Amino acid sequence: MDEAEKGKIAQKVAKGEILLHQIEKFAADANDEVEIRRNAVAKTCKIPLESMVSKETDYNALKGKNAENVIGMVRVPLGVAGPIRVIGAEFCGDVLVPMATTEGALIASVSRGMKAINLGAGAISRVTEDGMSRGPIFELNSVVDAHRFVKEWLPKNFNKIRAAAEKTTSHGRLKNIKPKIQGNNLFLRFTYDTGDAMGMNMSTIATEAACKYIEDNFAGISLVAVSGNFCSDKKQSMVNALEGRGKSVVAEAVIPQKVLAEVLRTSAAAINKVNYKKNWIGSATAGSLVQFNAHFANIIAAIFLATGQDPAQVVESSSGYTITEVRGSDLYVSVSLPSLEIGTIGGGTGLPTQKEALSIMGVAGSGNPSGSNSRKFAEIIAAAVLAGELNLLAALSTRELGKAHSKLGRNKKQLIRRKASKMQPWL
Amino acid sequence: MDEAEKGKIAQKVAKGEILLHQIEKFAADANDEVEIRRNAVAKTCKIPLESMVSKETDYNALKGKNAENVIGMVRVPLGVAGPIRVIGAEFCGDVLVPMATTEGALIASVSRGMKAINLGAGAISRVTEDGMSRGPIFELNSVVDAHRFVKEWLPKNFNKIRAAAEKTTSHGRLKNIKPKIQGNNLFLRFTYDTGDAMGMNMSTIATEAACKYIEDNFAGISLVAVSGNFCSDKKQSMVNALEGRGKSVVAEAVIPQKVLAEVLRTSAAAINKVNYKKNWIGSATAGSLVQFNAHFANIIAAIFLATGQDPAQVVESSSGYTITEVRGSDLYVSVSLPSLEIGTIGGGTGLPTQKEALSIMGVAGSGNPSGSNSRKFAEIIAAAVLAGELNLLAALSTRELGKAHSKLGRNKKQLIRRKASKMQPWL
Amino acid sequence: MDEAEKGKIAQKVAKGEILLHQIEKFAADANDEVEIRRNAVAKTCKIPLESMVSKETDYNALKGKNAENVIGMVRVPLGVAGPIRVIGAEFCGDVLVPMATTEGALIASVSRGMKAINLGAGAISRVTEDGMSRGPIFELNSVVDAHRFVKEWLPKNFNKIRAAAEKTTSHGRLKNIKPKIQGNNLFLRFTYDTGDAMGMNMSTIATEAACKYIEDNFAGISLVAVSGNFCSDKKQSMVNALEGRGKSVVAEAVIPQKVLAEVLRTSAAAINKVNYKKNWIGSATAGSLVQFNAHFANIIAAIFLATGQDPAQVVESSSGYTITEVRGSDLYVSVSLPSLEIGTIGGGTGLPTQKEALSIMGVAGSGNPSGSNSRKFAEIIAAAVLAGELNLLAALSTRELGKAHSKLGRNKKQLIRRKASKMQPWL
Amino acid sequence: MDEAEKGKIAQKVAKGEILLHQIEKFAADANDEVEIRRNAVAKTCKIPLESMVSKETDYNALKGKNAENVIGMVRVPLGVAGPIRVIGAEFCGDVLVPMATTEGALIASVSRGMKAINLGAGAISRVTEDGMSRGPIFELNSVVDAHRFVKEWLPKNFNKIRAAAEKTTSHGRLKNIKPKIQGNNLFLRFTYDTGDAMGMNMSTIATEAACKYIEDNFAGISLVAVSGNFCSDKKQSMVNALEGRGKSVVAEAVIPQKVLAEVLRTSAAAINKVNYKKNWIGSATAGSLVQFNAHFANIIAAIFLATGQDPAQVVESSSGYTITEVRGSDLYVSVSLPSLEIGTIGGGTGLPTQKEALSIMGVAGSGNPSGSNSRKFAEIIAAAVLAGELNLLAALSTRELGKAHSKLGRNKKQLIRRKASKMQPWL
């Protein structure tokens, strides 16, 4: 389309004669469509929208898949932390971790934690559970029916339900169904193996088919909603913490006393104290249910953004626990993330920049065997989270040492000012 | 710098002779630095990293502010939902809402909810609390000291503490301090008015100064950490839900029966039932503490990403409650977000594309009076969240109506397939 | 012993020459011991302690079993509510429910709820899960060991662990072990079938033996504590709510419109509204995790006290959810109690008055088959809790109707005063 | 009444010709009434009910106050723990603590903890907050009205509301009202000073009057229920933990290394480890919200039962946190109970045996000044809870030492058997 033509349509949109989502009917392709829509919005709002223009983007590839009413691309700085040495069950080696963020100091601080971990023996990392869940809610006439369903019908018909579910998907495998009765309501939490995909879509479609099978074959049961918040998607919950969702992953490291002193300028006892008082007593006092940690969310959000994960799932993926122990003069530190929801295929992972970010870690696309790439990715993320926790706890704990230092003649005010400028963004 | 020179340094980095964060010493400016670093990473990983090249970005503007070890820019599709009619205390009018996402159907579905709201009387929106908090933890020798501090010393010295805190900032104002004793530990939750900034940095620096004043003037008190997780930053917590953090905002709408039927193809009773069973019984059963909603996180994450908010704060910003009532045949629906942490200045809001997104809503930069832009923004976000909830509840509830329809001869399979393809991404 | 002799010893105790717990060495039997100790305490405190004298009690039967340093008996009023018609899987019939309480109006109000239920079709009641748990915590050197233990060693050695556990008990049967890894820590939640006993002691002894077997046979694992709070005993927790502890039981009833109007002076819609706003929105707003109910604790505490259950277990036994639905003009109401911890043998159930209370319901002692008495008891308790909830919701909801009535000329003040005097104790 | 006459009426009741609650019409006084009712129940159930006969009880004193449909008295063993040295702000001295329980070993174990505390410097105890709350829920048409109510009307009319509330009570004083908006719903949490009474009734009646004033004077507001579960009564909640309910009380002690070794046969490090792993990591993993302790509920329940407190309030009164620190080789240990709901007048505190139990501690009836008795009582309870926690943590931690001992030749099996028999009942 020529510019005049596009301009004319944009004008009509700005006047309200054509609606935003109707532009596609008038545009030659998605690229024209985006241009027209952006111009229309710019005219309506009376502001130029030039920064979001992205000539390198082919909007035809996004269309109908990643977003609607598109007017451009948001750009977020992408850096790398590390490398970090990860000793996983599936990934072993040194790896740079891509992080997209607008918060200064975050990448630098995670890198410092990684350095300390590397100077020990690296980060050990293990995926302990793996499965994506969807939890529909049904209603029945009476608890009698719900009870009979759970105790008799469900075990007897599990294979048929599974067959119905798996018919919808080439990759998904139904692992189990966890039932929960509430009066005459029945929650069923379906958990699937979804290979390298995060698997939410796959799980929903499969569960809808399973629900249809159930409704067709158990008299008096009726689906209320295919998601009954017993999943729990994009929400923190204890069912996620106890049963896992996505990957349950743990990373740990021992930091020698020498590294604590020289790289982190602190001690095992000082870090252990801050961890206990802040992450455990503090979170409990605040009434946090599944976040006994300092800032998992910072690292999770930056990696999710860099690699095309669903940023709404930062919510439950940042659940978890930081545990420290003083071992002699060394520090043992671990992070446990029960519900890290990630994929290396599907969703935003196929967008050009996001795919490159995954490639930096060697985990873009499907793994061989299926599922191995996403588990490698989980091992790496947990190690990065470990580094972020270690560094922040260390930084906070220097407050203690700081006071000791100031007695030795260092300027206390400077020390505090320096820490302030370094520490705030990622507390 | 010429290409050869940059290539030579990149080569050295790839070989490990120069470290990633040392590149800046050899580069002419931040743009060269990014190019060298990206090339070095590409060489190391043996993959081309061409998509993340962003010629339109001046990295000198980001340097030392938004990220470290930068190698390029991540690009995320930016669309607009709406317009939606918002009737706030500070913002009144129709507004397009920018959303950055890679999840297909999200923007379209929020737009459908907005359409239904507009066909009623629009979304009423109110900021009920406003303030950013930081919650340090102190230790004392005994509860006797902690008790005396809270009952006697703190009220008597509040003004001096405030003066110490406010000396660090031109915009921040200390509103109150909420104390909480746990044994010999003492949490103090400082809450500030931070104008149009989200205000986390400002609050931390001010609180550090306040802590120093306290330590200098109350014998035997000692700061353990300036963040004691009683803030609670980047974590969900009941203290945030009860006291508020950032903006506490509520939006509501009445959807007439006719609009429910024609736009959303459902009824007030059907939506009300899904909301009760899914968002309340379901979340309670799952053990969610502050997310009695369907998918606040989806809308919050997309707007945060579009406008340069901190994506790690999606965690607590997506806390909240969806309440429905059947009023005759109409539907009353409200969303309450106790801890929406946003700003229109600072952080990532100044990046070019993010600033444009804020400009679409007319809330970029400092408002007049200070704070008004961020409150307008809060009113708009709550209205968008309301639209997202309304639409998803409606979509889920059609399952009910769907069954009725299928009796009238419509193809049930088709219906389910259609819903499946529409619904999964943003459940 | 003669009185003079006892008096002499009491005198010595009062002077501190003999310690309270040493009295047993000087007393002929437990009855003398109690008398001496009470007299000594009375002398020390300079108050007569005559009311607590209990001539009908043979302290020899309690000695070494139910309490130490005994000085008498506390007496609590025992009433009966009902009868209520219970339609359980194990108990069917009309039953009086003994309740011990000092809170006026509680028994009367539960009775009113029972009357309304009986005028419908009675209370349907079902035990959906049954098992007592104990959750030790272990530590290992690394998550690698914990992971290997859970994935390989535990499934392979489950039968041996079970054998070790069951060797300690004639009644207990190990049903399953739920593992949970936190860093290098490992929680194992053992669940047992414990017949008609509440089973906490049995479960602890069996679990200690199992832990010993594990420590002896898996290198590097070390028990930290046989109770790691993952049980969770005498605490509310989501693991109890999701997995059950003791009996998980649900009771439900449909209350016809006529009964609502005539007995409870309210309507299905009015009760449904109060239930939604108070028990769901209210509890969520307050930050209650597993008590989306009005006053389960009142009924549970009174029955526990009457029947010799452990009153500390009122804490988690009062967890649960009240769900209402309007069905035409009738009301469907259910209560779900996930962790009702009760027994009909052991603990305080063998004391004379407590055993009589159990006998009133026909559930004293061991059932045939074993376990049937405690499940019958669970069905009855849930029905009583249902009655208590129904009545309180009805009473609160008359506030609505009350306003309507006052328009018809009734004195509003009187109405409120009347309600006040009736309602407060058991809200 | 003569026996024949009473027998005749009992017969009629057993046949259903007279209802249980109608007996009072035919009985000369409450004592006869109880006898008739018990006989009727005995006939109906075909069991003798002789143990519950209590000749020493004058049922006329209970009638219309403490229970309905009374058939006798339940008897529970009453022992004393201690003495314990309490160093409170209101109570200073050594005190025996009455505990009613049927769980063997509980009193003995609390006593051992008390002994250890006494051999240090005693238990320091402080009430940090004091006030009873009632939290009604209102509805309005719109959040606009709710917002206006909270921001404008409530502060302006607080004194009038207070006057309306206080008119109903001679002792209660309204301290503050905490509002919380949820959509068009409004919670108001009224907190009162209630002197020496637990104060729930007083608070409800006063709040009903306040609600009436509000409804009469703010157009469009309507009370849904005088208890909206934002109180939170007989439920655990974060609002209770953060704001306090009843007494918020903290007790602490330092236990010298020598005492740890000789009395408790453990060390500061061993106890500290068990506390961290069990009470903090364990409770967090289980999903407990406000019970980061080992067994507060055991001590609370036994004291409540002994002294006529409301046993349903054991639920939230057992909320709290146990914190330990290693200080050199000594142990610092504290317990924080945010919502201990107790009274020394009213409820069951006036019953003969319960009053004697209060008298043992010198806190029966009204204090001078009013409120001082209940605060003294709170200081004592917290000290007893501290003793119970200390002892249980010590017992669990000897598992560690036990292993060391067994290397020195002691029989491991014996050790475990001994511990098993000692430890189970009160874990």
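By written order: A, B, C and D. Residues from 1 in each chain.
Operating definition for what follows: contacts are C-beta pairs under 8 Å (C-beta built on N, C-alpha and C of every residue); 3 or more make two chains touch, one makes a residue touch a chain.
All values reported here derive from a predicted model rather than from experimental measurement.
The interface formed by A-B recurs in C-D: of the pairs listed in A-D, C-D or B-D, only this one shares over half of its residue-numbered contact pairs with it. Of the two chain pairs shown, C-D and A-C, the one joined by more C-beta contacts is C-D.
Remark: chain A and chain C have CA centroids separated by 40 Å (rounded to whole angstrom).
Once the centre of each chain is set as its mean CA position, chain B and chain C turn out to be 42 Å apart. Centroids of chain C and chain D (each the mean of its C-alpha atoms) stand 15 Å apart.
Counting partners per residue, chain A has 180, 182, 185, 238-239, 241-242, 281, 283, 285, 287, 289, 321, 323 as the residues that reach two or more other chains. Within the complex, the chain B residues that touch chain C are 238, 241-242, 276, 280-281, 283-285, 287, 289-290, 292, 321, 323. The touching residues of chain C, when paired with chain A in their complex, are 124, 126, 128, 142-144, 146-147, 150, 180-185, 238-239, 242, 248, 250-252, 287, 289, 321, 323, 325, 332, 334-336.
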